[in-house]
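Scrolling down, you'll hit the structures one after another.
The following pair of complexes shares a single chain, chain A, combined with chain B in the former and chain C in the latter.
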Partner chain A sequence: MTIQILNGLVYGSLLLVLAAGLALIYGLRRVVNFGHGAFYMLGAYAGYTAAQAGGFWAGLAASAVVLALFGAVLDRLVFRALQDRDPLVTVIVTFGLLLVIEDAVQWIWGTEGRSMDAPALLAGSVALGGDAFPVYRLAVIAMAAGLTAALLAWLHRSRAGLFVRAASLDPAITAVQGVNTDAVAMLVTALGAALAGVSGVIAAPFLSLSPAMGGQILVDCFVVVVVGGLGSLGGAALAALLLGQVQVLGAVLLPDIAALIPFLTMAAVLLWRPTGLAGKRL
Partner chain B sequence: MRTRREAIIGAAAFGASAAGLAGAARAQAGRDPIRVGVPTSQTGAYAVLGEEVIRGVQFAVDEANAAGGIDGRQAEFRIGDEQSNPDAARRAAERLAQGGHGLLIGAISSASGLAIAGQLDRWNALYVSTVNKADRLTGEACGRRLFRANHSDAMDLMVVAPWLRGRPERKWGICAADYVWGRDSAAGFTRAAQETGKEVALSVFPPLGTRDYAPYISQLKATELQGVWVVLSGGDAINFAKQARQFGLSAELTIVGHAYIVPTTLRAAGEDVVGSYGVINYDASLDTPQNRRFVEAWRRRFNQDPGEYEAETYTGMRLIFEGVRKAGSTDADKVAQAMNSLEFESPFGMVRMRAEDHQLVMPNLMGRVVRDDGRVHRAIEMTVPVAEATPPPSATCRMG
Partner chain C sequence: MSGAGRIAAGALATAAAGPAIAALVPPGVLLSLLAQACIYAILALSVGVLARQNGMVSFGHAAMFGAGAYLAGIGLGAPGLLPAEAALPLAVLAVAAVCFGLGLIVVRVHGIAFAMLTLALGQACFEAANKARGVTGGADGLTVALPREIFGLPAATFQWAEGMFLIAWLAMVALAALAALLARSRFGLLTEAIRENEERARFLGYGTVLPRAAVFALSGGIAAAGGVLYVLYNGFVSPETVHWSVSGSALIMALLGGTRTVWGPLAGAAVYFLLREQLVEVTERWLGLLGILLVLVMVFLPDGLSGLPRRLRRQRGAEA
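Let's look at the complex of A and B:
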């Protein structure tokens, strides 16, 4: 059972990195970004291509850079241009983006499944409780913990982080105080997209690459963000770890309804706390 | 003396017969084309298999047209996205059938095949399975418009049972996709294990499209099995293969797969399945004159060997073409009638559509993934001839 809890922690960690980006973007732009799953997939493929040439870490870095640029352009051309319209309009645009990116990836890389190797340093397995456990999976937990700690430190210790928190609380008042909220929002969207890209590369060595990977994980990611409380980073972190456990334990203990369990969890949490686990912003 | 009236009648008669002749000539030159509908997975967990089906259809259509068509009829096809999901499959097939492409072929999941099968009378269509393995398709659900040109679960288990008898592993587990195919195959394997004195100690059923197999792999490891029957395909097989190796599962026990060691898995995760066994429905090395011609033409066109779904879909297309030729019509009802006990040439040699349950009768193989000189490929260990590879028609099939 200890192994199963660890398995849940690995998947929860992956969801955490992905959902953190989604929560950040929602916090600033009040838009549920349906394109987030596609960013995750695009990041994985960009990282895969870069890793062919320079190895895993080059892939990770390349994916962060490419997706950050992508996020900045998206913010400038879509989110800012549509910020005075009904948020639903923007949501539909991001959904369209999901379809376009999926098709583009399929066109460039094909539907053939692809796989990426873990870095040599993390390729083996270690004995845990007398059983082999892949080192890379432990590294996933470490990478997610490191990224979350860095993100929280940045939000709570730096000046830019202060602006982000202020702008997500009240964009108008923050702008009146002389903060360029458009620039803050662009930074945050870029960061959110980069986190999605990075999580795609982190996932690549243990989940294979396919154009369907984004759509599949997006559903889990929405559950995380809704359970955690829209726009709340801490809530999303808690919800991601919870969902990881719920999924694994569901698959082991209640296999007949395993596919329903994430949604049952979401329904239960929303009945108990309609604004999610952390009902406040960032 | 010719009256004006007679002249008019004569001219009209001449005109009419000229029009009639022109019509007959047109019918001779371009009889109505063979319109094939392909409701297959362009997205979803089985998208990679859908690509193989489309290649098989494309190859068969181009080959037929290059040879002047089938009895002067050109072939054409249209694709609908079945999304690896039965509801989408029914919608896609309905659009194709009602748009005139009622000779249907190539859905991936058995659940999709069954969803299409239930509607064929209503659409005046026919459906040829080239990937769906669930026994129900040629069992309870069988029908006069429904055909299977690929191997069923029961046929594959006819190969696995004798293989299992000769193996030392006694305690087995099953990891099968949680829908009609996985459940069907798991039940068949459990029966085969009981008959050969083995034990199935654990069965797990991950949903189609599962990303993280860790919880299932950990359960299989904790049960201390000696072998696992894996019923996963497409993206699921690739994910499972990689994760099973990372957890050391593939190193500590025998893995035998159903539709698992196929070319798509080998291309994406070849190193991860080295040493795994599996049923192999078709291999490019199959030794028939028809297959040698087929493989040579396929290599020229695609620069790689054909895999099972490609060869079986090509076989299914040949069945439709020969059915149209025999029926002298493209009407689905007449073509289905003609296909009923058809014998025709395919890469598997001369094959026969069994009239009792509409299952194509074919040989079958068993093999293992090996690495020689750094190249990962399948080695055939057992070729089972038609007589031994073919279970009798299911008693539950009542042809209506």
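Let's look at the complex of A and C:
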């Protein structure tokens, strides 16, 4: 049972990092990025290639850089250009990007699944209550916790973080105060994309790589941000950890309906508490 | 000619074009492709009706399409229980009825949240189709044997490209005409008014949830009709039919064609299948190119291809 709860925590941690990026971008651009799962997949593949040359940590860094650049370009060319249009138009554009990225990844890396090794430092397993548990999975929890803590510290302790929080509360007033909100949004979109890329690399050693890996996790991310409240990191964190447990424990305890619980929860939250469990604040 | 007369005349003329196309196109792969295209055009039409009347973008319509296919398949698999002539319309009505009930709830969700909700609910249906092995056959799918005759037509008609093309073409035209007539009825105008400003419509004394739920039910019923034709033609349905990539393709067809007009999604489906046919020959990168096309259309032609004539007229008007 301990092992199952830990596995749920591992998946929840991964969702947390992904959903944080999704919520950040939504906060600034009022757009839900349907391409977020594709960013995650692209990040995993970019990290895979870099890791073959320079090892896992190089892969992690390369993925963050590549996806941050990608996010910055996306913000400049798409989100900023379309900011006065119906947000649904931008959402559909991100859906189009999803198709382009999935196809490009198949083009470059092929369709067969690939696997990536955990770094040597984190290989092997430890005994937990009589069962063996991979060290790498514990490291995933630690990495996600570290990233979230760093993100929160940045948002609440730094000047740039203050601008991000202000701009997601009210972009017009923030701009009037002399903050370049377009630059803030670009930074945040780059950061959100980088987080997606990093979580792709983090996931790669325990979930195998395939061009379809982004689709399923995108839906789970949507459940997380809707249940937690779009634009709320605390809510997303709570929802991600809960969903991780539901996915893993549910599959053990209620195999027949476990898969439906997240969707039903999402529908219920959208209807009765559209701001999510934690409200809309960042 | 009155608007309703124009729709009737247009529908009759288009319906008559069906046999001509069937006669001109050499039988074989191309005609089979056209039959599939008509079936998916019906799905695109259903996505378009929801977008046009309710302003809702659905990423989950494969669920209704698949539900229609599964229910019809299950009904045909139990011939002792129900004659096929009853099972097929019942499949459509059942999906429409469920959509009405669901619609009473989901039409309260708007915009991006609705898009996310439909994606999640669609995926839930995909999971359910995979899990409920006893009913759906799980991942292996459901193979459906047609009875010898349905509505007096031999079963082979439904699984023969030319036969199914004509049936799907006529169904497509009839459903589009129905949607067009409904769009210009009092009911259609009311839903458009609600789409534009729900609060104002409520202020005028209209209930807004029921009409929107009715549109959702209509849209679900049209999608289910497409699914029924799908299972008749293929004799098979699997969870792949319910997968969100199918919903995504239907949405792309509807948006390429444009959802301001009822016929836009049909044009979008035609473009989608023609492009795919042409591109698959020269490149494997067809999905990526489709994605680029979708982005370009959304950015530069938000009303889709069917909005083009209007746009050109307006431009010429501006120059003159």
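We adopt the following convention: the second predicted complex is superposed on the first by the 276 of 282 C-alpha atoms of A that agree within 3 Å, B and C clash if a C-alpha of one lies under 4 Å from a C-alpha of the other, contacts with A are read in each partner's own complex, and residues count from 1 in each chain.
The rule is simple: a residue touches a chain if its C-beta (ideal position, glycine included) is under 8 Å from a C-beta of that chain, and two chains touch if they have at least 3 such contacts.
In this text, all values refer to a predicted model and were calculated from it rather than measured experimentally.
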item	value
Room on chain A for both chain B and chain C (clash or fit)	clash
Which superposed partner A:149 touches (first chain B, second chain C, both, neither)	neither
Which of chain B and chain C A:183 touches, first, second, both or neither	neither
Which of chain B and chain C A:274 touches, first, second, both or neither	second
A:213 touches, of chain B and chain C: first, second, both or neither?	first
Touched partner set for A:254, first chain B, second chain C, both or neither	neither
Which of chain B and chain C A:89 touches, first, second, both or neither	second
Which superposed partner A:132 touches (first chain B, second chain C, both, neither)	first
Touched partner set for A:7, first chain B, second chain C, both or neither	first
Part of chain B, among the options 6-14, 114-122 or 222-230, whose backbone runs into chain C after overlay	114-122
Touching both chain C and chain B, counted on chain A across the two superposed complexes	102, 215, 259
In the complex with chain C, residue positions of chain A that touch it	31-32, 34, 81-82, 85-89, 91-93, 95-100, 102-104, 107, 215, 219, 222-223, 226, 256, 259-260, 262-264, 266-267, 270-271, 274
In the complex with chain A, residue positions of chain C that touch it	57, 59, 105-106, 108-109, 111-113, 115-117, 119-121, 123-124, 127-128, 131, 244-245, 248, 251, 255, 284-292, 294-295, 298-299, 302
Partner chain B, residues of chain A touching it in the complex	3-4, 7-8, 10-11, 102, 106, 110-115, 125, 131-134, 136-137, 203, 206-208, 210-213, 215-217, 247-248, 251-252, 255, 258-259
Residues of chain B that touch chain A when the two form their complex	42-45, 47-48, 50-51, 178, 204-207, 209, 211-212, 214-216, 218-219, 221-222, 234-235, 238-239, 242-243, 246-248, 264, 267-269, 272
